[in-house]
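Each of the two complexes below includes subunit A, the first together with subunit B, the second together with subunit C.
After this line comes the complex of A and B, so read on.
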């Protein structure tokens, strides 16, 4: 383990959300997975900042050149309200309420009281939700678009949607933006059961969805606690790996830098990353 | 040389001058501007006086423009995030949640394995705390409890306030007798008042007492052997019965929360998914996940609410999908793990001379409100233990007790060096 604090990068051009992806005509898919105890909200805040400004003050000191309106950032959440991100991004020096290029699509507040009321027609509800998301993404002009989507597994766990339907919606949405980041819990065996035999088990659907998603992704980021147990000065480990479809095959010259970091998030929201 | 009290106005009571002969009116303008006698009803100001030496009276509207100070003894800022926080009804539980309570708009799930029901002690104390807050001020209600899924008899077993040990109760009785009006008490009282005269003059005593009263109002100690007397009134508590359609429950909850918008609404869901309360279809993912997700949405929309619930882990183990989803939807999760028989016996043996030290199980922290969602690793397994006594539900740091191998025998042989 190195003692020197490191900057987090995903691609070989020392970037997080690469400019080459945003300016390209291709669509990149990334998966951010986490488990109980390693919530990725600190990472998402920094990625939002990177998408909006080009900076990442808390996790990468080299990315310090501010570019206003770098990209249109859409955040779709099935788990949190907009206030949660407005509050948490303050530590990154962002007031999301004032950014015209930040668009929060709230799928949390009325998910099961308005969109999916009747589970017999839940697939129609899911289609409606994705229809609205796509409409909002399309309504904003330009092509420099980054979309985050969080908590999709809830639709599968509540039997509101099927893995294949959701996957088809996700890929449709991916085509409408340059970079789509899917954030999902991956606790095993509670949420992901790779050896689930019965299709009636909601965990089967989630496993099916994630496995298929991993077969389509270009970048995978995984956050998990230390296998050795809790430590006072380490929160967990962050692994960056290439997806099944290499990013260089769709954007020549760009490459994912595979790395494993250990990180520490403190109560005052400062983040330290070290190579493992 | 004579001494005067600081508060006493020089020249006697306002409006009457001892140096002015009777019948001669004294001009109100003082020799030094701002140093004159204060007219009754005006507020002394440190602002520079007007050229004429006359301070224009403030219009009443200007005084009213200041926002009224909203005081709810049930709410305090979180020690970590400064968010409004309420007490759970247990000082130790408040402490391990790190916020000194449960932040408003957030939820706490108490999981429990085994056939015990320690979680209900926590839930009942949470409800009792609200009712005690309502009894602080005579004409003002500070909180409201909403209980989902049980019948109104549930509130019959709410714990009453802990009145102290028998020794403390005797002391309190003596104090009560002393406070009664009698000749001997009045004689004693005058001597005590003289002792505090200086402090009283500077208003220090009153301030200290007010602060102490505010501190004690936030959280109380409950005695599970005592019942809350008188029981909760209709304005203190509401019940929502279970229906197979979760929309109805959520609609009723929202109606109650909106009705008591200016108060703290404590939502209690005892024995979530317990088959004796919940019909079988409720454990289906079509019911429980949308239900808890909608509860989470209600909590976020109404920042005057907080939720606590208990889940029997023997029916829904931690590695099951339902529990996994519930853990991800609740903001805080604690797991009460009672000791097995062997461990209980070992602890009883180790503390046979100090039965008050015997713990009943472990408190494992799985998630803490706000902090876990920010990405902090808050999982603490086997670091805390609980003991449920008459006095309170105590949570302390856990350490494996050392078993003494009988009494140490004194050395009989002389040791030669």
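After this line comes the complex of A and C, so read on.
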């Protein structure tokens, strides 16, 4: 283990949300996966910051050049409300309320009171939700769009949506933006069980969804606790790996830098990253 | 068939010169079918290509026609393909139909979908992700999708990563089960191991294994490297000490011919079958009354 603190990068141009992707005409998909105990909220805050103004103060010192209105950032959440992210991003020195290029789409507050009241007609509710999301993404002008979507597993676990339907919606949404980042939990065997073979098993739909999602992704970011158990000075390990479809086939010249880091989120919310 | 013929066969298959109406590509999260698809595209640059997309976001530049299948019923997809095939086919050339994964079609509809898609002028190349969980069929004893597809396919390519020496197979398997992707293990690399099963008209299957290098567009017969044979590599023992730790071929042969004592013991007791036979020896203390005997 190296003692020197490292900057987090995803691509070989030393970037997180690469400029080459945002300016391209193609669409890229990334998957951010985590388990209970390694919440990616610190990473999401930094990625939101990177999308909004190009910096990532807590995780990459080299990305220090501020660019106002770098991209339109949409955050779709099935797990949290807008306040959660406004509060969290303050640690990064961001006041999301003041950014005109930040758009929060709250699918959490009214999910089971407005959209999916009747589970017999849940697929219509899910289509309605995605219709709204697509509409809001389209309503903003320009092509430099980054979309984060978190907590889709909630729809699958609550039996409100089918994996193939969600994947079809995801495909449409991905085509409307340059970079789509799907954030999902993948605790095994509670959520992911590749040998599940019945729809009675709640893990079946989520496993099906995630496997198919990984088959179309270009970048996979995985947050895991240490296999050796809890440690005082390490929160977990973060693995950056290439997806099934190489990013260079979509954006020529761009390449995922595969790396494994160990990270520590301290009490004062600073992040320390080291190569593993 | 010789090694050379195997390479010729695979080259003819990927360039659509060999008659094979339905080519199935079985891939996994460890190694996707992307590079093999690209090889088909590379070698069929003169053929029209219809791309059926269930999961591809960006329309590939090489696709003559692109059908977005997400949300379409299988029969609608078939109708769209036949319509496109009529419009793109020029002269006598074969049209390549690429399907990015048959996982999106229900098991009960799979065979009908594939068989209605196939036409003499089309070669269908379809991938199937083997890691996807399979729903047990409601019809008793109905075969799974992989069994069905491998049964009807005329050629099957199975792609695997070249992970030997890099990561332990069991560890990799355990990680993939939890959807974790270890790095520097050769996953989704340009170099992969491809197992080809080709069915001849007689029904006979020919199976070959290749190392496929997508960057060089090369298929080479797969060679089992020495390290994968086993850990008993005597070259590691050389020059360790002044003693000779290695054996020559004569010594090795002699060692292999030594009859091990337990083999001999088994022969002597062979007549007793699996029973435990107690043989008295002169120092044994024999007691008339058996303390474990049932008193009743």
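Brief remarks on what is shown
We take it that the second predicted complex is superposed on the first by the 276 of 276 C-alpha atoms of A that agree within 3 Å, B and C clash if a C-alpha of one lies under 4 Å from a C-alpha of the other, contacts with A are read in each partner's own complex, and residues count from 1 in each chain.
The rule is short, and it goes like this: a contact is a pair of C-beta atoms (placed from the backbone, for glycine too) under 8 Å apart; a residue touches a chain by one contact, two chains touch by 3 or more.
All values reported here derive from a predicted model rather than from experimental measurement.
Annotation: superposed three-chain arrangement on subunit A; subunit B versus subunit C shows no clash, the two fitting side by side. In the superposed pair of complexes, A:241 makes contact with subunit C only, with no contact to subunit B. Contacts of A:110 after superposition: subunit B is touched, whereas subunit C is not reached. In the superposition on chain A, contact is made by A:220 with subunit C only, not with subunit B.
When the shared chain is aligned, subunit C comes close enough to touch A:207, but subunit B does not.
In the superposition on chain A, A:168 contacts subunit C only, with no contact to subunit B. When both complexes are overlaid on chain A, the residue A:68 reaches neither subunit B nor subunit C. In the superposition on chain A, contact of A:249 is made with subunit C only, not with subunit B. Here subunit B and subunit C sit at a least CA-CA distance of 14 Å once the structures share a frame through chain A.
Where the contact sets of subunit A with subunit B and with subunit C meet, they give residues 193.
Residues of subunit C that touch subunit A in their complex: 29, 32, 34, 38, 55-58, 70-71, 101, 103-104, 129, 131-136, 177-184, 187-188.
Taken in their complex, subunit A has these residues touching subunit B: 36-43, 79-81, 83-84, 88, 108-113, 116-117, 119, 154, 157-159, 185, 187, 189-191, 193, 201-203, 225, 230, 234-236, 265-267, 269. The touching residues of subunit B, when paired with subunit A in their complex, are 80, 246-247, 250, 285-286, 289-291, 293-294, 296-297, 300-301, 318-321, 323-325, 327-328, 366-367, 371-381. Those residues of subunit A whose C-beta lies close enough to touch subunit C in the complex are 26-27, 29, 33, 164, 167-168, 171-172, 174-175, 186, 188, 192-199, 204, 207-208, 210-212, 214-216, 220, 222, 224, 239-246, 249-250, 258-260.
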